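Order as written gives the chain letters A, B, C and D; numbering starts at 1 within each chain.
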């Protein structure tokens, strides 16, 4: 290997964009939440040399925690993006599953909406429109991450979900803008990425339809974009690949941003 | 961002090192296997505009599929690596959990043992010793991946697990060699990474003890190293971060190798 | 078989005392809730003769829905009822598990507290004391069921759980009264059986301690006692056996009451 | 309550017909097996008075362990028993679910086939035909239990499942005979109740079709009929009600037999 790649990366700072997974964390009631129980614990049974092992049972879903939506997550009139009919085989989707998403190592752009508006965090139910995206230098193949500041509410489940108050996020015209720009994926630091007005719930999800079904663009939800914003990194290398769950409609992902700077390792608090 | 990092990466080829996750795939009987069922399917309930959503319920464990072992996976006499006593809080480990592993973007080395020996795949129960590692250019902080060719058996569950016949893998002296070299993590394309002689089962796991407990070096198991070997990449950039499950003894990971070459995207078949 | 037993039973009315199990039903946040997803559906794959099969994946816990608490549910200073030390084997309790509970076919008594007080349902946080039980004809070996009317709130999750407002139920002196009478089990139509004053949550559970740990008396929670009250059956044959889950701290149960009367079959609505 | 019912029952012996539920028990690979992990253990967190609580996370399916098949388990050409079209609502069947099965307290008949043939247990792949049932005193509304002796193999998973060797059980003509007699349910001590010839697997399930779809008769599988046979009880009171899981295709059940005799309590070993 030439030294250029490793050298370039050695000088990069790694920023973790995932929220930690634990029991009781925010999760839409549509999904099963996150459950973990230790099946065996140290001390349950020791080998003659004193060594012990421990492991766990885990229950969750493809849309729990920081995750990517597959194209199979949404259909219109029984058809996926591109017109293929919805087909189930062996209890999962025969096409458009999250396992079809190739690992992403590409240019990333952060749209820091609170910074644009001079606030620490967007209010509940606040729309993020095409106007907010106008000055972002978005190029074909980019992954665009939209910060609302909502990750600050991660430890306040009700506030984070915004069931009554709504959630800030991307509007339909904003989604059209990004689709027209040819982006590869769009992420956000909220439960559903898109604008949820107060009191409206998730009955209508136009951004999911525009990005996933109309344009074949994957979504990434429940990200933690605070460290990236603090690093002031509007442009970075995005690295992310969802768990390759065959035929699933979504899967957890641990996305990273590689930014210029000292090779500090930034980990979740 | 300077163009050097993105430019260097744009010229890299991305090789996926994970096995796909699906029902019935090989899994040690110690662990719960992988189970997925669609909770809602397209067509179950359509919105007025014809849009439908689908999602799933998933059951697995921290040591199912391609995964990383946390330091909390192994203890000796009730102590983790470094001597800290095993402590459980809220039903999970209070320290040494997989969430403490920082994302890895670093130099990677492939030890292609079948290639060294001129075979397509190591036989069942074959040891991989310090002698096999002697000529590998291993440096402090590297992730070292040991190929046995066992990923070729992924679709033959019994053969892959090698319950009776044993599994090829790293021996205690091989593990000592890598620990002395100061590696950051060690991975392999088998169920338990280490040498399992025919008929011995997993009653004794000296390599787990040496790497995890004695030296604080994480393991990565159930990798797919065939595409990396086919690319002839002995040296590469390793990128990997396990799902940050708080206090877990292990977690799924989708590791990638970035190698010189045309920017083909290699995905699991 | 003599005809007496069958003849006697043929004249009995069967009353179902269980709540139906479904996604989203009330469940303490301590427990994982109830999750079901169809693994295969009719139509996924047809046999040549047109026959299709369907089945599901289920996630829940030992204390979800109508269930019985095992003696292993509670310990004091590391000891179960009778003084045996808490011991875990193979990841479950080596003794006092729910599988040790023999099936119950015995006399049952309904204490209909709202009827005693002339109300339709007890208010939130209302205590049910020894005084309320004084006139009940309770005999050694009986199963005593305490109705609060709370099953009427089954479809209002927040009201049923009473997180802020409290839940009506048995007090410590009521539990002592029943223990002194030598009952075999005590059931109720609430989430925790015992009195939960407004704002106190489940921090203190004296009735669980008195019945399970001090006296070895099993509890049955989340029952539906409305049909039994409507039948005016103060005395009946109780039939119930929890799922025999080895070493579990609780298990679902579908208890029945057999009462005099026409052989109507009463099923859950 | 008149004393007759309670008196008659007090003189009855209770025989448990369920197999215990534990990790690693026999289960068809079609289903997820049984998984339990303690979420909290005694000692994890003590209240000031020394009291501790423990509970678990459970994963299984509607056809794991001793269970009853609902009419929704089988369809033919998209229709359930009676001709109703298969309909899914909220991710489960809108009709014919296991929750529609009324609790059963009725006459039970044991057909002890090994006893009829003078053997301890039927061989693998042995058919149980209408001829075997000819002398059984079966009446309308009965629950008929067919013993093969296969419960003796419960602790030998491979032998019990009989994947290669086949499993003894009811043939199509035997099922027709029982349907013509007007039985309410049919149970057996094997994984699939019906005759599975060596090497044929579960590709064809005529008995499931005849009983569930053609005749609306529920099946009970994975019973333990050894204690009932040892008691020599050919006729008894059957008591059984599956967990009322709304819209499920099957559910666990703990069936009991009440037989004449001393009031011994027989529990699983």
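Note that in this section a residue touches a chain if its C-beta (ideal position, glycine included) is under 8 Å from a C-beta of that chain, and two chains touch if they have at least 3 such contacts.
From a predicted model like this one, the values you see are computed outputs, not experimental measurements.
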Maximum centroid distance from subunit B, chain identifier (CA atoms): C
Angle of rotation relating subunit C to subunit D [CA atoms, steps of 5 degrees]: 180
Same or different residue numbers at the subunit A/subunit C copy interface, by half rule: same
Chain pair with the higher count of C-beta pairs in contact (A-B, B-C): A-B
Intercentroid distance (Cα basis), subunit B paired with subunit A, Å: 23
Chain centre separation in whole Å, for subunit C relative to subunit A (CA means): 41
Cα-centroid distance, subunit B relative to subunit C, in whole angstrom: 45
Subunit B: positions in contact with at least two other chains: 32, 35-39, 41, 56-57, 59, 88, 90-91
Contacting residues of subunit A [partner subunit C, same complex]: 24, 29, 32-33, 35, 39-41, 44, 59, 88-91
Of all residues in subunit B, those that touch subunit A in their complex: 1-2, 4-6, 8-9, 11-12, 14, 16, 18-23, 30-32, 36-39, 41-43, 47, 49-63, 65, 72-78, 86, 88, 90-93, 99-100, 102-103, 105-107, 203-205, 208-209, 213, 233, 235-237, 239, 241-250, 252, 254, 256, 258-260, 265, 267-268
Residues of subunit A defined as touching subunit D within the complex: 35-39, 41, 56-57, 59
